[in-house]
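Which chain is which? They are A, B and C, in the order written, and residues in each are numbered from 1.
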Amino acid sequence: MRKGTLCLPVTLLLSIFFTAAALAQAPVKERRFVYGVNAFAGRDYVGTFYPPTVNTLYLLADTRSIISPRYTLLYFWPITNEYKVDWDSLNETVTGTLEILRRGKLLHSLSQTKYVIQHPRGLDAGEVHLYIGREAEAQYQEFQRQRQAYRDRVWEYYEATRRYQEQLEEELARGERGEEVSIPDPPLEPEPFMFFSTSLNDGSPIELPAGAYSIRIRGADGQIVPQSERKLIVFSPRREGLGYTIIPQTKWTTPEQADDPSQVIYARSGSSMYLQPFVEEEHNELYYTRLAKPQSTEGRSDRWVWVHIQPKDGGYLEVLRDGQVIGRVERKPYWVKQIPGPALGYEVVEYQAGGEGSRPRSPDFEGYEIRVEPGQPSYAIRLVEPDGSVVVGSEREIRLVKTRNLWALYLLPLLPLTAGVSLTVWRRGKVAPRQDKVS
Amino acid sequence: MIRTERLCKDYDGFAAVKDVTLHVEPGEIYGFLGPNGAGKTTIILMLLGIEKPTKGRIFLFGQPLQENYFRLKHRVGVLGERQYIYDDMTAREYLRFFAGLYQVKEKDRRIEALLEAVGLRHFGEVRARDYSRGMQQKLGLVRALLHDADLLILDEPVSGLDPHGILEVRHLIQEQNRRGRTVFISSHILSEVERTAHRVGIIHHGVLMAEDSLDNLRSRLRQQVELEVELQEVQPGLVESLSGLEFVREVAIKDNKLTLKLDAATDFRPQVFATISACGGVIVEMRTKEMSLEEAFVTITERNVSLLAGSEE
Amino acid sequence: MRPQGSWRYRWHAALLIQRRDLRSIILGLSMYIVLSLSLLASALILRNYLNFVNESGLLVLSDPFRLPFLIVTFLFSLFLALSSVTTIAREKDQGTLEVLFYGPVDCFSYILGKYLAQISSYLVAAAIYVCCFILYADLTNLIFPFSMTWVIILSVLTISAVIAFGIFLSTLTGTARAALLLFLGVVLVFVAIQAGHEVLANISPQGRYYNPILFLKNVFSFLNKVANWLSPFSYFNQGMNAVRRSSGISYLVMLLVSAVYSVAFLGLSMVTLERKGVRK
């Protein structure tokens, strides 16, 4: 084999090797200025950071968020193609005031204060609180107290369990000896501790109306901290409304969304669906995406996206036909019952509290069941509050698709071609035959 | 009817038309002659506003073309050098389209009459692109005549036609002229122009070399006259007597016919008559042979500048 | 200098040319082939929706006919673009343009007539599409909402921009083949810019290959913005976004921009035709 022939594959292998070696090396971490942000995203707070390469911050209007200037170790992570921070190694508060400007004019000058973000009923329960200043300290202490109380309960439970085990063994021994046995009650496991809280941190609370601003940190020496000058876009929702997550009975694991009021729900005759209403807001896609992921390249400024804020509880669903109310549906819990045996499948069954036999401890979901009856081309549904008022933006139309005689769909496109051919033939007949070139 | 003032056209430094000042009188047939590349078509396109002159002015019907473009265009019928036809139209559809453009009244009747005049009435529903070259030429002529224009500009009107067709077209042109139409014909077929034109303009290398009536043009260019004399019999010594005359350049004899080439300065026919009579000859017929347009054209274009400059002085 | 003359003559000539060209389009087979193919494409899309409902039991849509209408409009606009790109160049090539200018026709009336013929053929096609979609809606019970009216109005003006652009390209060349090649070249450039922009937009600006990629990204971003203004095909998309967002102002802006674009390119066409002449 010629030397030249070997060169290319060897070169390729070496380049792959060295690239892999380069990638496998530990990333280079540098001490850099970043903005740590706890931004309110409509329903919860999102913790992010803005590296020096991201020039614009995004926040929701008229809601309180926290901006925390920090020095930390910043490094580039090529696997996910983004910058990351090592808070554990370095998390140094930048002393100074946060200046907010608009069109070059200083609007606010904010100092840093203590803050804490807490979810008293768990991260997914939808309840979140931001406390600042002394209230933050107090709430954090309360969290610590409750956590400690839970730990104490857990410890007591473990002790009770240990004693229970010992008692059981004693009773078993007595039983073996033929003595009277008395089985003690097992200790009750304490309810899980759902209270979530961040630690007490420093940051500047910020709440602004919608608009374009710029921010910077003025240090204790009166100078602007390098790399702290950024733009700030504060945006508000374009619309608010009520959207639905719709769980089809035939594919309960892949729900659909009917967030936009203009959307129509198309269904098959005889099918069932379960509607879950949500309070929602419509935001600019680019702004909202960058609020949650500052380094993301996704999101377009000319698109809008509906964001579910929180489930809409209470109320009932009205079903209408031709403007007349024909039914009323209450919200109910359901569970998915697997059909035993070789025939795979499931059915959705209304959940009854008490949990016997195969019923689960808790329902799989809650919602309003709508069954699409055959014979009616369309329905409308709307959510009504307990006091009888219709929730604005909750109307949706449900239409039954026709699935018969669909061959006509393919027949229609033939009509223009037929017309064209007919015209061509007619024209040919109208025009006299070609004459050989005779003058 | 048509008047140009020092018309010039340059193409990237090349002067295609240089200082052309021509005029066409109302009611005349004006023949426009010149070899290939002389600038004839360029001038016609400038008259029609399709090409813009580099310098100079154009007047149609006494008015500048640009000032009354649409009204003037309505009064001009044009037959181009080549006939370009829409692919998908029959002859009648083609003519109806142009009749509509010129807002011809009773267009169907007019179309039928003209098709009949050129012998195409039975081919009206044939696609125009299927016509022979001669038929397309006639169709183009019909298009030019549709709107009864006051001025007809015809570029090679008999090109591609057989003798019968040429005759038809010639009669049509003369008929139109008799009705008062002014006709501007550009042609290579000099014999046709000679038969129909009242005045001609001769252009060469972009310069208008001559513009005059045919007779004046011939006489300006004529250096000698050819006189044909038929005698009852040729008397002895007659040829020598005639050759001795100072204004006689050449004498040729064939049977009883004498062909004399005389100086063109004066009409020497009386002197010739006297000489023949003195020799006892009896003249059966005496005829002056005119220079043809072709001869004049060749003379001008081959020996042009000095000849015309000298003759004009 | 544009020859002065009566507007009445101009309009008359323009309408006559429009009638002639429209007749030629209607009597040709191409338009019907495009209509049939585009309706077939839309039928496939609708069938796809119905299949989804059959399988899943459920489908949520705002305007089931928006995508089909986008497809048919795009296909027909492509047809009109090709037709308008070749229309003047072909006439020049064949020599019939010169013959037309023997008569009371000037560049204004000619270009206007050409434009009116193309836009009229689209109006005919749009009417056919709307009728077919209404029939489809009745067949399937998919809703054909009133908001589609705005989309249809938008399509007329954005197609107008496509036609004006095509006519302008047609005046630049002397033959139909050259015009087609020019059109394809321009479309390829637009597509390349958009594709380059999309690819680079998905690369994080903070990548390790910071400087050259960021430079390219900025260049393509700028070129994409320019292309979005220059390419008439982008106006329909932008208008559809405005309809989707129910943004009246953005919608009106797109209508206005399309109209201005059309007028600008028709004007440019007239100037170009005057300068280049009508001779073969």
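Rule of thumb we're sticking to: contacts are C-beta pairs under 8 Å (C-beta built on N, C-alpha and C of every residue); 3 or more make two chains touch, one makes a residue touch a chain.
Predicted model, so just to flag it, every value in this text is computed and none were measured.
Chemist: Which chain lies the greatest distance away from chain A when centres are computed from Cα atoms alone?
Modeler: Ranked by distance of C-alpha centres from chain A, the top chain is B.
Chemist: If you tally contacting C-beta pairs, which pair wins, B-C or A-C?
Modeler: Of B-C and A-C, more C-beta pairs in contact link A-C.
Chemist: In terms of Cα-based centroids, which chain occupies the most central position?
Modeler: C
Chemist: Let me have the rounded angstrom distance from the C-alpha centre of chain A over to the C-alpha centre of chain B, please.
Modeler: Between these chains, centre-to-centre, one finds 90 Å.
Chemist: Using CA atom averages as chain centres, what separation in Å is found between chain B and chain C?
Modeler: So the centroids are 51 Å from each other.
Chemist: If you average the CA atoms of chain A and of chain C, how many Å lie between those two points?
Modeler: Averaging C-alpha atoms per chain gives centres 39 Å apart.
Chemist: Would you mind listing the residues of chain C that make contact with two or more other chains?
Modeler: Within chain C, the residues that touch at least two other chains are 27.
Chemist: Which residues, counting only chain B, touch chain A once they are in their complex?
Modeler: 90, 123, 125-127, 130-135, 160-162, 165
Chemist: List the residues on chain A that touch chain C in their complex, please.
Modeler: Contacts found on chain A: 51, 53-54, 76, 78, 81-83, 238, 246, 248-251, 254, 256-258, 260, 262-268, 271-273, 295, 297, 302-304, 377-378, 397, 399-403, 405-406, 408-410, 412-417, 419-421, 423-424, 427.
Chemist: Taking the touch rule as given, give the residues of chain C at its contact with chain B in the complex, in rising order.
Modeler: 1, 3-6, 9-10, 12-13, 16, 20, 24, 27-28, 94-96, 98-106, 277-280
Chemist: Which stretch or stretches of chain B touch chain C in the complex?
Modeler: 45, 48-51, 65-71, 73-74, 76, 78, 80, 82-88, 97-98, 100-103, 143
Chemist: Give the list of chain C residues in touch with chain A in this complex.
Modeler: Against chain A, the touching part of chain C is residues 26-27, 29, 31-33, 35-37, 39-40, 43, 46-47, 49-50, 53-64, 128, 132, 135-136, 139-143, 145, 147, 201-208, 238, 241, 245-246.
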